[in-house]
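Have a look at the structure that comes next, please.
Residue numbering begins at 1 within each chain, and the chains themselves are lettered A, B, C and D in the order written.
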Amino acid sequence: MSPGYVELFYLVATALFIFSLHWMNDPKTARRGVAAGAAAMFLGVAATWAQPFVVNHGWMVLAVVLGIAVGYPLSRVALTAAPQRTALSHAFGGLAAALVGTGKYYLWLSEGPEELTTFRMVAIIAEVILGCITFTGSLFAAGKLQELRWIPQRPVTYPLQNVLNIALLLAAVGIGTWLALNPATPEAAYLFPTVIVIALMFGILLIVPIGGADMPTVIAILNSYAGLAAVAMGFVLENNLLITAGALDGASGLILSIIMCKAMNRSYLNVLFGAFGSAGQTATRQEGEQGEYKADTPQSAALIMEQASNVVIIPGYGMAVAQAQHRVRELYDHLKKRGVTVRFAIHPVAGRMPGHMNVLLAEADVPYGDLVEMDDVNRDMPQCDVALVIGANDVVNPAAALDDSSPIYGMPIIEARKARTVFAIKRSMNPGFAGIENALYSDDKTWMLFGDAKHVVGEIVKELSGDAGTG
Amino acid sequence: MKRRRYLPPRVIMVLSAAVGMLGLALVARSDPVTVAEAPGHAAGETDYWPMVFVFLLSTFIGLGVIRRVSRLLHTPLMSLTNAISAIAVVGAILIAGPDYPPEIRLLGGIALFASVTNIVSGFLITDRMLKMFKRDRSE
Amino acid sequence: MSPGYVELFYLVATALFIFSLHWMNDPKTARRGVAAGAAAMFLGVAATWAQPFVVNHGWMVLAVVLGIAVGYPLSRVALTAAPQRTALSHAFGGLAAALVGTGKYYLWLSEGPEELTTFRMVAIIAEVILGCITFTGSLFAAGKLQELRWIPQRPVTYPLQNVLNIALLLAAVGIGTWLALNPATPEAAYLFPTVIVIALMFGILLIVPIGGADMPTVIAILNSYAGLAAVAMGFVLENNLLITAGALDGASGLILSIIMCKAMNRSYLNVLFGAFGSAGQTATRQEGEQGEYKADTPQSAALIMEQASNVVIIPGYGMAVAQAQHRVRELYDHLKKRGVTVRFAIHPVAGRMPGHMNVLLAEADVPYGDLVEMDDVNRDMPQCDVALVIGANDVVNPAAALDDSSPIYGMPIIEARKARTVFAIKRSMNPGFAGIENALYSDDKTWMLFGDAKHVVGEIVKELSGDAGTG
Amino acid sequence: MKRRRYLPPRVIMVLSAAVGMLGLALVARSDPVTVAEAPGHAAGETDYWPMVFVFLLSTFIGLGVIRRVSRLLHTPLMSLTNAISAIAVVGAILIAGPDYPPEIRLLGGIALFASVTNIVSGFLITDRMLKMFKRDRSE
């Protein structure tokens, strides 16, 4: 344990971290939560750094300055790139944990092998394995999300994949256990690096079979790994702050991933090993009958919405891709001005990360009081005159409710089909993330508005404002 | 607003049982080794139990608090917890700071750089997102 | 710290205690909560007892057997005596904490004074002071609640009371601090007992000026002291289970007392030092004008309720005193049978302990779905045909809402006065706990039904059943 | 059912600050004494910080969990926490059990008796009360 004054700071920091997360339960207090979290982090760093045995100040200041130099631009990325940034950041976190564990191991090995008790070795091995998996796994996930050309988007599957992966993991754990029991053995010189290499490989192989669109769930899981790595580091360094903060993180990742799995009606195992939306599966689906559909123009859509009294806008991933949120807010403003009740129906997994639509609409200055959760909006759907689907697909797919052979059967959806009229903006009749047909588009009351979401919504706005300058 | 309970007691029960089993495994191996062999640390070595308690209790707090975070804020929550996981910075300082051999300090320095990157980008982007959430336009 | 296997049991016990309280959030899981709590206690006892240095088995078994022999009958007391039992039990808890602290102190003093570090001494002193206060304070509170003849019910006040009390407490803390800094000093032989005696006296003097009816709040506060004493004991014995369980307890007492203070619209300090409802205060109040009132008979009340479509029953302390809950349930059954909608309006501080009415009605087999909380029932009050007030007084006193000079002004009440007709059952026009007049009884639409609640409700039931055999 | 939040963050903040201050006071006095004077415990003595962490975290959990207890069950809650406070039994065993001088064991024995009384009566009466709560008559 650290000296008393350091522990006191750690205690206060722990309390602040807890408040930080507690305050996230309401948008009104959420910014205070960020301040509390930052303050806690500052206390933790200051108290640690202030200890007399910390002497390499120059070297550390350099690292901090570099960290700020890289971190600041990373905080200015477009919000559409937020998932990639989070993944990249987890990779850094995993790297840090792995490096600290490795450093501590070699330090003890050379200076006092008797310090390498079983407990500490177990913690070090756990830290290093979790850190390495998080590192490569997150890097790979970030690459998939960024749609880097040389990283396959579609799940890559091959025979015995899961068997191979599990064998690898078992190998790492096995070697780790052996090391824990014989920490100072001469073989350690190559066995410890072997564990590192296996864990790094496992991180990649774990992500390879998972489709790009499952990445948000994977990121949440990796978040919880990063937290657990910090906990293990805390056990190694006998540091309570690392344990508490890491445990909070671990819990957060766990709960977010569970929320996402539930909202997609899938199990954890299915996400990790199911290779959902793999090429083969999609192909079969594509063969299904292509429904009839009717296209319409933004102009007539504008006319009809103008006369409606109750419009529900259902945004999805397409709005994020097209960066259409600002146009959508203009549409919202114009309709409101004409006395139309406009609300946004937010599906928990619309887009590519939890809360994705909320951030985009908040960015465009839509007041969050007009964002309605799925359960509440479904109740009012029959009273809705126009449902405007903007780049959403799976989250309004009636197959989830009606077709029990569909892979998304059982996933709760926004019941756009219950509205009197439906307009759907998308670029083509291509399916969405789950790769399946959507019967809503061939429904009698549905009109398709083909085109990029930003452009189409812009056209509608232009029509409503009766002014060519708005677009 | 109706919130679902994502973690039924059963799940938590199983999790805590798992933690307990882990503990048991550690105990079974660890006690004799540490007490008998580690000189100079004889009294301190077996005191990892308080840390296990701290871990269990923080996990409970985390589950309780996160379950109540507003749905609206799940994206900022992800980046906030990402920033919090940069607490690894404390470990980085402990490796990079003391008068250790240079290769160890190098590892610590890289870890410090990586963690600071996360701290800075994590908190700033979270705050940037949260600034955008407004109940009505006038605020 | 204890050996690993003991700590493992402690860890599981801690988790079980947390679940135990967590499951109390719903009546459906509450009994499971008790089981979890008992299991946790069993694990804690078993793991502690199983340690090899525990050798006095005979002596301890004797203590346990005696404890069971006394504890079992205490668990069978009438539910009206539940507050006294809880208070008595806190006294035992305080006693145990004080004895353990004292024992440990003298043990270390004789066997190894160097073990008495400042930290441990602070913890021992805190444990002993908290334990002693809890012991005498709870005993005295139990006596007041039991209405023992030789313990004054009314608050006893005298000049400079608070000054004296605070001086005493400061003396105990002062001596304790000095002892903590000089633990093995020869003066300890009489200083330590002095601290004990002062703390014991303080416990009594703290309770003397508090009226019998404020006892529930005091009991909750003493509960939190008992918890904190256990925490201090945990610090002394370096025992994590004592710390966690004690902290849970401390939090519980704190929150319950805050809830009660809020529901009575009073501050903590006012409860502890306000001598609320003291003789002088009541006298002044009694002089106020005695309102006009109209009495009625159970028979006509039965007639009117039979014809009502919506009846709200508002029980209070009088129902508990008269043990009328079974009769009330019969009334509820008869009215239900006739198609009348009957609900119970439960004020958070009706009766003499939080949730008092809920337990009584549950005892009489009233389904808890028909118990409505204050805020919900107040909304529906204007649609209510008959409000039947059974032995409640302060919780329906309109002065709390209307008369800003009233001592209970600002306390939220059940708005019986908004119902079309009010029947009020009590034995006289005497005031209730707060000792103030109730304008509801002199309201135009109110009819008084004088008599013991059990008897009066029995009469109404007899009338409704048209059958003399029911009473 | 609308539940009020009984403990605004401010209050909790102040409480935790108070705990922090208490800690500070202890630190100021305690560190030199223990490290320098206590033989045989040199490594173990200053390790009370984990206990302070455990205390803080359990208090948070307690506040979070108790705030959510149903109003309906406040009376049983009081007797349940009363039973839980009988955890002092663990301390009683540690004083009554070992081969200590008889007067110490006597103190321990009385404490054990008192705690067992609480355990037995507390859990039994709580269960007795809870058994009576029924959603509808048929259950």
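We take it that contacts are C-beta pairs under 8 Å (C-beta built on N, C-alpha and C of every residue); 3 or more make two chains touch, one makes a residue touch a chain.
As the structure is a prediction and not an experimental result, all values here were calculated from the model.
K.L.:
Show me the overlap between the contact partners of chain B and those of chain C.
P.N.:
D
K.L.:
Hey, which pair has more contacts between C-betas, A-D or C-D?
P.N.:
Ranking A-D and C-D by C-beta contacts puts C-D first.
K.L.:
Compare the CA centroid of chain A with every other chain's and tell me the farthest one.
P.N.:
It is C whose centre lies farthest from that of chain A.
K.L.:
So what's the Cα centroid distance for chain B and chain D, whole Å?
P.N.:
Those two chain centres are 25 Å apart.
K.L.:
In whole angstrom, what separates the CA-based centres of chain A and chain D?
P.N.:
Their C-alpha centroids are separated by 39 Å.
K.L.:
Report the inter-centroid distance (CA atoms only) between chain A and chain B in whole Å.
P.N.:
Distance between chain centres: 18 Å.
K.L.:
Going through chain A residue by residue, note those that touch at least 2 other chains and give them in order.
P.N.:
14, 18, 22, 240, 244
K.L.:
Among the residues of chain D, pick out those that touch two or more other chains and give their numbers.
P.N.:
If we look for residues of chain D contacting two or more partner chains, we find 26, 30, 41, 47, 50-51, 53-54, 57-58, 60-61, 65.
K.L.:
I'd like to see which chains touch which, written out pair by pair.
P.N.:
After working through each pair, the chains in contact turn out to be A-B, A-D, B-C, B-D, C-D.
K.L.:
Which stretch or stretches of chain C touch chain D in the complex?
P.N.:
Residues in contact with chain D: 14, 17-18, 20-22, 24-28, 30-31, 33-34, 37-38, 41, 44-45, 48-49, 51, 53-56, 59-60, 62-64, 66-68, 70-72, 74-77, 79, 82, 85-86, 89-90, 92-93, 95-97, 99-100, 102-104, 106-107, 110, 114-115, 117-119, 122, 180-181, 219-220, 223, 226-227, 229-231, 233-256, 258-259, 262, 346, 348, 353-356, 358-359, 362-363, 365, 367-369, 371, 373, 375-376.
K.L.:
Which residues of chain D touch chain B in the complex?
P.N.:
Checking each residue of chain D against chain B gives 40-44, 47, 50-51, 53-54, 57-58, 60-61, 64-65.
K.L.:
Inside the complex, what are the residues of chain D that reach chain C?
P.N.:
Residues 1-2, 4, 6-7, 26, 29-30, 33-34, 37-39, 41, 45, 48, 51, 54-55, 58-59, 61-63, 65-101, 103-105, 107-137.
K.L.:
Quick check on the complex: what are the chain B residues that touch chain C?
P.N.:
The touching residues are 9, 12-13, 16, 19-20, 23-24, 26-27, 30-31, 46-47, 49-50, 52-53, 56-57, 60.
K.L.:
Where on chain C does chain B make contact in their complex?
P.N.:
Interface residues on chain C, with respect to chain B: 1-5, 7-8, 10-12, 14-15, 18-19, 22-23, 29, 240, 244.
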